[in-house]
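In the two complexes that follow, chain A is the common piece, with chain B as its partner first and chain C second.
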Partner chain A sequence: MTLLKKIWKNKSAYFFVLPHFSLFMIFFLIPVGWGMYLSLFDYSVFSQEFVGFENYKMLFQDKLFWKALGNTFLYTFGVVPLWLGKALLVTVLIYPFRKGIRTFFKSMFYLPHVSSTVIIAMIWLWVFNPNFGLLNYFMKSIGLDPVVWLGNAATAMPSLIIMQVIMGGGSTIVLLSAAMSSIPEYYFEAAELEGANSWQIFRKITLPLLKPTILYSLVMGTIANFQTFSNIYIMTQGGPEFSTLTVAYLVYETAFKNYYLGMASAMSMVMFVILVGLALIQFKWLSSNVEY
Partner chain B sequence: MNKIRMKKNINKTISLIILSFLALLAFIPLYWMVVTAFKEPSLTLKFPPEIFPKNPTLQNFESLFQRKEIFRWTLNSVIVAGTVTLTQILFCAMAGYAIAKKKFPGSQIFFWIYISSMMIPKQVTLVPLYIMVANLGMINTYWGLILPSIAAPFGVFLMRQFMLSLPNEILDAARIDGAGEFKTFRKIVLPMSKPALAVLGIFTFVGEWNSFLWPLIVTQTSEMKTLQAGLALIQEEVPMEYAYLMAGATYAAIPMVIVFLSFQKYFLRGVTVGAVK
Partner chain C sequence: MKKSLKVLMLLFLFLFLLTSFAGAKMTITWWINPWRIAPPGFPEDQSPGSEDFPKWVSEEFMKLHPDVEVKYVVVGNTEYSQKMAAAIATRTQPDLFKGPVWDSRWVKAGLLEPIDNYLTEEDMNDFYEVALKNFEFDGKHYVFPWTFGTNGMGTSMLLYTPDFEKAGVDWQKIVNEGWTMEEFLDICEKLTWDTDGDGENDHFALSFGAKDIHNIINFLYAFGGKLTNEDESEVTLDSPEAVEGLQFLVDLVNKYEVVPHGVEGMGVYDVIGNFHAHRTSIGFGGPYEIGRITRYFISQQWEFSELFEPVIAPFPHVEGENPAAYAATGGFIVFKQNDKEKRDMVMEFAKFLTNQENMALLESLNYLTSRKSVNKVLYEGNQYMKEQVAVFGDIMGDYGIEFFGSQTFPWTEMSKYFTASMESAFGGTKTPAEALKYFTDEANTILKKRK
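On to the complex of A and B.
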């Protein structure tokens, strides 16, 4: 009875939460549950039959799915460390400069970030063009052979990774810079007076104090890159020879080209479980010995 | 003393070189997009390419704008991104305020549901959402484009983090003065949250303007496509006409560059609202 009374007393609070939460319920939470349920069905244009874990069984016997999973891991673990490393490097390098220069560089790195993935993918499709593209012009002018960047199973995925690292990192740099400027300056000064070199300062002061922000960026970056879809859709459609096929793209093809909706749901559930696992590992790895 | 100074200057010079190199790497492709857009189409097949165009032309933009759908796509993007942004600002501010500042049964549960759902990949809701929107008859409509985007959890999390920092004394004072819940929210909470609302608004608008996967799936006819989905359509139709394609890409990128330059301060400070702890 007291709980009901408490709820009644706070009715305005529920009213504040209600508009967003009801939409969130209908268009987010229910679909999540429904997706789990759908993954147990042979759900396509012709049938809607309950099959239990049959979709998962088929999935794990499907070579293409394993290939896509491998590619997704390759992409994520290729992009995330390089991109985070770049963001950290830029953050540390701009720190000693005055505000104007810092703002200039932060803006420069942020600029690609406000352009959509579709636009960036279209530009790089042109940059990667084997005959007339900018990159091969550069290769030729330093005396190297032109490369069919996206048309070759060996180079397609690395090309996409490098493109992502070159264009990415803007928001992480802003985030890390803010965290870094909240570190008291005398920490650095004291270390310098004690005769610590730049690398020691970075290892012993900067890195540990930035840890919570790095952890946040790492988890968010992993989640985002694990779902890579738009650049695959525009640039390679998963080819050549499935070398750039990611799970997110396979989900799209399975669901909206072939209409195996149950199977696509099962794939997305596997993605979900893997992401939760990765996040837990990252938390465990990084949140140990964070000291304040 | 002089030695230390010199060493510092050398370090700074090296830093500047590395920073400029990395910044240039990201900037060159954007420059290349703009330059190609102003080139005569036949010049894209010239080798070596012209790095600085000698005779810039508007020809590509003219042929782009002859395709009247472009304006319809732009209008659709404005309608969708605008509606989602305004609704998100209001709804997320309300929910974030209640979760941060009101101790009601379940407030912590709401918070944990929102924060943990941010880890769920889009693909999980994609298929069920499509079936649901189809059953509601909202495929290829503005409703279908807009409603699922308003439901995104990130804004509530952002507002909750910001609202935590509002001083309780002021809210209590308003209550003691006899202001009702809604009046307090409208007259005190909203005005005090302006910077956070601006950040949420800008981020939502840019995010919606650039979003691709959902519009790709939920729109069927050309006249309902957003600008991003429309661009992808052009890319599929004429994959080799680079000058034309880059004109389209430039056209779609310009509004966001303008938004970025005019709200730069919010972008560069804004990402941090709510992110750290």
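On to the complex of A and C.
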């Protein structure tokens, strides 16, 4: 059967997929393809000249790009494990409660997820304010010296990571709770009858059976945090001394402040390749068939 | 019968198209960043929004030209550059714009219309020379001047006089005669005190933010530093004079403790907030910043204990030298028009926006205008503002210079390195000399690339 015949045979299925695929093509595939194309040009709003891989060559010689890449990895690998760990811990802690209490906690943790990032960032700016912020107020009240949280190259990135860990993870808690509810109850009962303690139950039953959801959260979380932009844009603009400069923020600066769209596209392509690579590693590492 | 019906329908269609085209209005699209100007008749007890002025002025122009439809778009300051970049890249730029973003490369790329043919002799004489000169390329002008001076950051200081009186400092003398760096330091020490009696100073003379470039760079210029050499072929801000200026600022924080710590983590709005909340006695800015106090007070933004009227004073100067003041102007730019009739109408609209009556509306924002004739009649009946505007005008006129190079100088690309160097100097990770050397090296690399 030729390909065309196969498509014709399944035409109804393709017909239903078509609207989504059209949008996916218009808003994702074409822009990605166009980005690849632009990355081969010295493309600004004023001139367009084909330069081959020159943008990539310049990019890998740019100290600031390497700094941004390092910061992005630091941010992502700082946020994702802590945030996933927090989500897992909260899920396990609220699981034994009645449905109503569980829903209450899930809603509370989900709330930041549906709040404006800008507003959250503005509130945290006040929390971190060096002179009149909440955090330094507590520091002073326990006799410690105030810290310029977002102005010190050593504390700025950890501050952003902690903020993200505290505010994030709501959707993962909802996902993990749903996954945990679908684990058959008799697994836990059997383990208890066999004399397993809570830690053994968590390690030998809960964790392995949550693996597919954890993998999904890990991949999505890595992708989302690798592209972090709004927090940086509002709170630090990449400073101090570029210690919070991320690739996504550098792309924005290069494209929309300096108008080097070709170079910005090349940066985006590098980010794209890294993310695909990370996702593949995570799938390879964590994927295993789970049946119950 | 069928044939005649077809003919009749075609005729009807033709007439319909004809009338449609005859009735079609010429559309002018313009972009403006948020300018909260009060149009004529706006209630005094309310604070104008960013839409009020563009809406009013567009409607007024349409009344004069019923065959024209004027569409305005208010674009926020932060998203202006990306929207404009996207618009230019997709050839959907507005006909006219006034924004915080301006790039001389637009002229080189042939995107803008020169306006010389639309400026009268009277206009040329009425606009300040610097306002026209700032946007001149190869002998042609590209901007209809509108504002004279910016919000005054880097141009002048604001003094909260009750604090000066409390400290026994003659602020009138500062306004009239200026102050040397030594006098400034001495006064700053008098303006720093412990309000709540816990043994720690919580009220300071002034504050700085590493991201607040204009006010910091003023001191570097005041000590004799310069961004570039004469022909802008080299960045020279690591000169001993500039280093001395930065060292003075760092000492204000660490040695004299008249500026609160945390400069490396603050921006201009932190500095403004400190002044508004009376945590500092010296603020920055010109008449516009005085207007901000009133505006914020009416709209109950930030922490205000009272509506107050600071006075404008020059930045301090080195003994025997002049103070430095940042001078910049702004105006309306016309994008390339292929149709002559439309070009004339867009120019007409730009002239309408910058005529004497409409330019005078800037008074509600406490901005000086680019027309000498208008500035003469501003603030009649408001002695306080008249005095402040006069002082600001004198500072601009006597000491005003461009801090960031000519329009073709790639300051935008360099500015992030300047901010980083200030963060390192105030954060203590680099000495002032090392910080400025770092900036200068990076800036010169960019300059070489551009060439």
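Operating definition for what follows: the second predicted complex is superposed on the first by the 259 of 292 C-alpha atoms of A that agree within 3 Å, B and C clash if a C-alpha of one lies under 4 Å from a C-alpha of the other, contacts with A are read in each partner's own complex, and residues count from 1 in each chain.
Quick note on the criterion: contacts are C-beta pairs under 8 Å (C-beta built on N, C-alpha and C of every residue); 3 or more make two chains touch, one makes a residue touch a chain.
Nothing here was measured: the structure is a model prediction, and the numbers come from that model.
After superposition onto chain A, partners chain B and chain C are found to clash with each other. Look at A:93: by the touch rule set out above, it reaches chain B but stays clear of chain C. In the overlay built on the shared chain, the residue A:160 is in contact with neither chain B nor chain C. Contacts of A:255 after superposition: both chain B and chain C are touched.
In the superposed model, A:131 makes contact with both chain B and chain C. In the superposed pair of complexes, A:237 makes contact with chain C only, with no contact to chain B.
Of the two partner chains placed around the shared chain by superposition, chain B is the only one that A:17 touches, whereas chain C remains out of contact.
Residue by residue along chain A, chain B and chain C are tallied for touches, and B comes out ahead.
Shared-chain residue A:106: touches chain B; no touch with chain C. Contacts of A:79 after superposition: neither chain B nor chain C is touched. Once the two complexes are overlaid on the shared chain, A:32 sits against chain B while remaining clear of chain C.
Only one of the stretches 24-32, 78-86, 132-140 or 168-176 belonging to chain B has C-alpha atoms clashing with chain C in the superposition, and it is 132-140. Residue overlap on chain A between the chain B contacts of one complex and the chain C contacts of the other covers 129, 131-132, 252, 255-256, 261. By the touch rule above, chain A contacts chain C in their complex via residues 44-47, 128-132, 146, 148-153, 156, 237-242, 252-253, 255-259, 261. Those residues of chain C that touch chain A in the shared complex are 81-82, 85, 88-89, 103, 105-106, 108-109, 111, 210-211, 260-266, 270, 274, 279, 412-413, 416, 419-420, 423-424, 426-427, 429.
Across the complex, chain A meets chain B through its residues 3, 6-7, 10, 12-14, 16-17, 19-21, 23-24, 26-32, 34-35, 38, 86, 89-90, 93-94, 96-97, 103, 105-112, 114-120, 122-127, 129, 131-132, 134, 137, 140-141, 166-167, 171, 174-175, 178-179, 198, 212-213, 216, 219, 223, 226-227, 229-230, 233-234, 247-248, 251-252, 255-256, 261, 264-265, 267-269, 271-272, 275-276, 279. Per the touch definition, chain B reaches chain A in the complex via residues 11-12, 15, 18-19, 22-23, 25-30, 32-33, 36, 44-49, 90-92, 94-95, 97-99, 102, 104-105, 107, 110, 113-114, 117, 119-132, 147-148, 150-153, 155-156, 181-182, 185, 206, 209-213, 216-217, 228, 231-232, 235, 239, 242, 245-246, 248-249, 252-253, 256-257, 259-260, 264, 267-269, 271-272, 275-277.
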